[in-house]
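Should a chain be cited, it is by its letter among A, B, C and D, assigned in written order, with residues numbered from 1 in that chain.
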Amino acid sequence: MKTIKTAINNIDLRRFRFWLQLFFFALLMYGGYFAIDLGSRLPTFACAFNEAGRGGICYLFPLQHQLGVPSSRLFSWAGLAVLQGLLIFSLWFFALNKAWCGYACPLGTIQDWITALRNRLGIRYSRYSQGQFRQLSRIKYLLLALMILIPLGVGAALLPHEMGTPFCDICPARMVLPMFTGDFSQLTIDFSSKTTMIMTTLGLLITGLFFTGAFFKKRFFCFFCPMSALHYLLSKPALLKLKKDGNKCTSCGDCYRVCDMEIREIADEVNETNIMQDDCIMCLKCVAHCPEPDALKATFAGIPIFSSTEQGFIKRMHKGQKHEQQ
Amino acid sequence: MNYYAGIDIGSTAIKAALIDDEGKIVGTHIAPTGSSFHKNALDTFMNLLNQHGIERQAVKFITATGYGRKLFKEADDSISEITANAIGAYEAGKAFGGVRTIINIGGQDSKAIQIDVQGNVSNFAMNDKCAAGTGRFLDVAARNLEIDLEELGDYHFAGRNAPLTINSTCAVFAESEIIGLLAKGHGKQEIVSGIHYSIARRTVRLAKRVGIEDRVYFDGGPALNKGLVAAMQDELGRELVIPEHPQTTTAFGAAILARSLFLAESKEEA
Amino acid sequence: MNSSEADTYYLSRQAREAEATLEQLQDDFPDNPQAMQYFYDLFHRVYGQGEIIKHSGKLVGTTCIHAPEELIYAFGATPVRLCNGSYHYDQIGADFMPAKSCSLVKATLGSLQAKAAVPNTQSLDLIVNPTTCDQKTKASAMMSAMGYKVEDLELPPAKESEEARLYWQRSVRRLATRLRELTGNKLTRKKLQHAMARTSRAQTAFRTLHQLRKSAPTILLGKDAFLVTNAYFFDDIERWTAAVEQLNNELLQRQQDGFQAAQKRAPRILFTGSPPIFPNLKLPILIETSGGVVVADETCSANRMLYDMTAVDEWRLNDMVDSLADRYLKPCTCPIFTRNDDRQRRLLQLATDFKVDGVVYQAFSGCQVYEMEYRSIADALAERGLPMLYVETDYSPDDMGQLSTRIEAFLESIKTRKRQAL
Amino acid sequence: MKRLCTFAPWLLAGLVWHGSLQANSLWWSESMPHTESSSTQHAHGGPVEIRRGIYHKNLWLRTGDSLAKGSYLDEASVDTSNAKIFLLDVKGEIKPLVAGKPHGAFGVNFAMPDEGFYNLYLISEQFSESTRMINIAKAEVLKHSCREGHDHVQALMSPRQHDELPLEIIRLRAPAENFHSATHFGDNVQFQLLHHGQPLAGASVTLYTAQGWRNTMETDANGKVSFMMIRDYYPPWSEFKRRHRQDYVVQAVHNVPADEHAATSAYQQTRYETTLNGSYYPSTRDYRSYGYGLLLGTFALSFTAVAVYVYRRRGQQRFKEVRFDEDN
């Protein structure tokens, strides 16, 4: 048992994560062609607009539809469907916590590929300053609130029907993901009504911004994603947890340095054991880059599955130096 | 009948103590350290034996302590004077109902030791860098005032008005300050009590660093000086436990340790 | 005496002091590991005979652990740590330093002042002086007054905030520019990566040594460990790493054989506070001759200098230089920073890892930052039930008497407590 | 406003003048006689009335020589006494219906309990000089509600025909058609002309749109004919409605010499005329513009890229930031 444990703790996380992300990407983007259907309550961006290939549907799409029904019906017994949807979403979510973002989300995977491309081109990545970080990380809650209120407004006939799925209109995944199954129809401005025109324009502007952002800033969009906000509200009871033993931490800041989402608390927080933050995508790069044995670990239902080890750290950092032997 | 000896080779005086099998004190002997302390230490020990007519072989175990402990070849074992003082005070203190804090003012240093209920040293602080607040300070003052050490006590109580505040923190400056006060026509009594209070204040500050617990044991040569004891009690605000031979507590502690080490060794052999 | 004889004279007094300490290290303790012979000879050659330190490219002296040596290596220069531990240079330094000031800084300035300094660094091309404690910061003006080129590496007074971190990263990058002007070489990704690899190999060797010293009963005395890390100041990094790896193998062998470097119930001491620098290993030697054993330390001449490693996300120049900056600032437990929570946590963790019985806290007289932290460290350790001995000393050997009394009393109190606990 | 106009070539091909709508042509229509908004709701099969959960469909009979001006019937204008109206429902049973006057015009209202296609037929017979004229008006209506789910759709998709009918047009399904798909401008719609259930080759079939465009094609060997739906909805941009419904009627005329049937009648030939109505919507290409979409997307991308580049370059000067160029 011990050897398996050390073998896991010393794996090359970068390669493991690349293949796992590729697997989830294929599952969620092309699962449909193999008649895979994981249902419509997935806590990740399995985009519904990728009709043919999708292996399941991102929960935000049906959520907005359900909230968009006329208020009389929504607040009647029929409204239970929303709670039922939320329940299934939570069950899916409790399994992997925010690892859905770090490993499963196709949009996240694409952003990681863009980052890898930037790195190969030798272009420096940007970081937010601390002030920017605090303001920007509030946007996702604003988007989540809008995503819930607008459909309610549509249901109460305050807003035009075309705004039924407001977030899906502006979400870059709607434009980017169908492209991977050859469907470029989303890259259009819909002039059929003023609302759709504005929403699709916003969508395309954000998609343009998405590509540049993802190029310069690691995991650019995950910062503003309402799904991550929704995740965080449910993240307490999740099974997969990120634990830190503050006593073992020498606050060397390695975890903060490699964190794609630039979360400071991971290095500074030494009292809490559960250090899950709202921006965290559980990519576990921090655990891989922590030299202190068992200072950081990911536990599934209490059982540590991946914890930081000194040999693992040294192996990974050596791997980074191909020229070391010269 | 077995006997056990403890020799405390201090900076100014060599003290030897002898105890019997039950740990009762048989006798003590004090002699000035002088220059060749190795010979003097041996002589003090032999004098002590002769006084009580005990052969050298009867003394089963000798423990040396104090500055010269490592160089006294006769000794079977050596122990630091802090631990020895603690053991000695703990034993002697039992008669007074147990002690927890020990203040020792030696010839060239002053120590404050805190012991726990079993008598182990839990914390200690030493001032051995500066002669102020040590026996040396009293010797210098007595010489300047041309008074014998033993009379210092009486002068302390004879003083009519309030003791002067000798604020010098250094024994060398204190000398010039005393001469200055004499020139101003202050009485010797006020100066002596002033000196006692200055030493008392310094020593209590040292003790505070260690933490003062009930029944404070006060030993070392200057403990014989009643004036100083009064000043200390005034500063501390509590009674002090003074043994009748304050100078030999450390040597007594070393002797007790010698006995327990010997008994432990003999038990191991048996 | 004209200057050359004076130099040899100084050399000889300095050499005698070093030789005395070396003899103490070797002869007062039975069965030292064979692998330590490399280090004894190294110190004998460098300190005793004043052998010149070989270096490739420019010689860059650093007065603190905060100067990133990987950066200096990457520019083709060789770093050498100038902190000096000899009482002899302490006396020379005392001429132009206040009476109650840190012996280390006095000794460093003294060695820089003496032309034939030991370790013989000949002509230093540049001194990188991180602005850590007050006395080292003020010392930089004195060094430039002596004619040395000095680069002040500005260190933030607090390290928790993001501004401090960015400020420090800019300082390190400015150092890189200065090094580029000095050496004329261009910083490339390959060179920096190569330098970081060498340093991380050295750190890996140190960490293995660190893990090995956790074994109880202990297999290596603290004085040897300090000598090993002190050798890192000036020795060639690859030779040093090889020697430490050899020592590790021998210690591993010792561990398997169940070898005991000290008696069974010797109190295991954690050494912290002002750094013991050869030849001022007076306190560790005293502890170990009085029956204790220094199993772990938290000082900037050993653990704090080599323990924390650098993690890099993208192997690109900017990211690597910033990672280096982070590694030298964030984990540092130096008392010059405003808060010392990291240091308390580090000490408590070392105490648990190494099953430590007592802590010896050395503070050079005149070093206010360490003296001021004494109270908070004492409370933190008392909470854990760990006895701590606070020793205020300097490089002069004449307080050995008082020190030995304190050390012995402290060790005896631990021994009786341990016997009680059995 | 660049509109993709794909039908220009077709228009220029010239019109083949065959049969055309006469005054007595009959066809079914879903458009309301007068456009007050009643309780109809939009469903997948077009406007329906939902009473106690059961969908009810209204269809009105119209006549005239052009779709747009086709007039609604009231009792007197056309002799519908011998008109037979019946409904071929999803299960294939035939249920005769009684005409009524829903919303004040001659039409029929029937319930559609089951999911699937309902065929409504009206057969009326007339005589004039020497020909017997049989007019058949057919309407194919879909009933679907998403609540019923979508697993049964494939089974009910295929068009049904009624063999006794002398002449019938059925609309053939598009390859991946389901209950949610609709005909759009520019789509190819295929029909099949059946004579007593057998495909009729060589007959001419004409498609009329509400704006008056029409096109006539010959049926091929197995009676199939396909039309490209013309785009004839050009509202000013702001009034464009994505769900604007356009009606069309497909008509076929077939003359048969008299002797073929009852010997006693005093006519030489029988003229069968059948119509099938339907509707179509604007295609997505009409209101979706790739041009603007890609323009905006690339503008946003390049603008932010340049902004970041300038920020990084300017960022260097402001702080005297030391940056290393990565190319070595």
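Just so we're on the same page, contacts are C-beta pairs under 8 Å (C-beta built on N, C-alpha and C of every residue); 3 or more make two chains touch, one makes a residue touch a chain.
Every value quoted in this text rests on a predicted model; they were computed, and no experiment measured them.
Peer 1: Based on the averaged CA atom positions, which chain is farthest from subunit C?
Peer 2: D
Peer 1: A-C or B-C: which has the larger count of contacting C-beta pairs?
Peer 2: Taking the two pairs in turn, the one with more contacts turns out to be A-C.
Peer 1: Need the central chain here, defined by C-alpha centroid distance to the all-chain C-alpha centroid.
Peer 2: The most central chain here turns out to be A.
Peer 1: Taking the mean of the C-alpha atoms as each chain's centre, how many Å separate subunit A from subunit B?
Peer 2: Each chain's C-alpha centroid was found; their separation is 74 Å.
Peer 1: Please compute the C-alpha centroid of subunit A, do the same for subunit C, then give the distance between them in whole Å.
Peer 2: It comes to 45 Å between the two C-alpha centres.
Peer 1: Please work out the Cα centroid separation of subunit B and subunit C, and write it as a whole number of Å.
Peer 2: Computed value for the inter-centroid distance: 40 Å.
Peer 1: Roughly how many whole angstrom separate the Cα centroids of subunit B and subunit D?
Peer 2: Inter-chain centre distance comes to 118 Å.
Peer 1: In subunit D, what residues contact two or more other chains?
Peer 2: 323, 326
Peer 1: Which residues belonging to subunit A are in contact with no fewer than two other chains?
Peer 2: In subunit A, 122, 124 touch at least two other chains.
Peer 1: Which subunit C residues reach two or more other chains?
Peer 2: 316, 318
Peer 1: Which pairs of chains touch one another in this structure?
Peer 2: A-C, A-D, B-C, C-D
Peer 1: Going by the contact rule at the top, pick out the subunit A residues touching subunit C in the complex.
Peer 2: 119, 122, 124-125, 129-130, 246-258, 264, 267-268, 270, 285, 289-291, 310, 313-314, 317-318, 320-321, 323-324, 326
Peer 1: Which bits of subunit A are touching subunit D when the two form their complex?
Peer 2: Listed in rising order, the residues are 122-124, 126, 175, 184-185, 187-194, 200-201, 204-209, 211-213, 215-216.
Peer 1: In the complex formed with subunit C, which residues of subunit B make contact?
Peer 2: 67, 79-83, 109, 118, 120-124, 126, 128-129
Peer 1: State the interface residues of subunit C toward subunit D in the complex, per the touch definition above.
Peer 2: Those in contact with subunit D are residues 170, 173-174, 176-177, 186-189, 316-318, 321.
Peer 1: Any idea which subunit C residues touch subunit A in the complex?
Peer 2: 160, 162-163, 165, 190, 193-194, 196-197, 200-201, 204, 207, 211, 307-316, 318-319, 322-323, 326-327, 330-331, 341-342, 345-346, 348-349, 352
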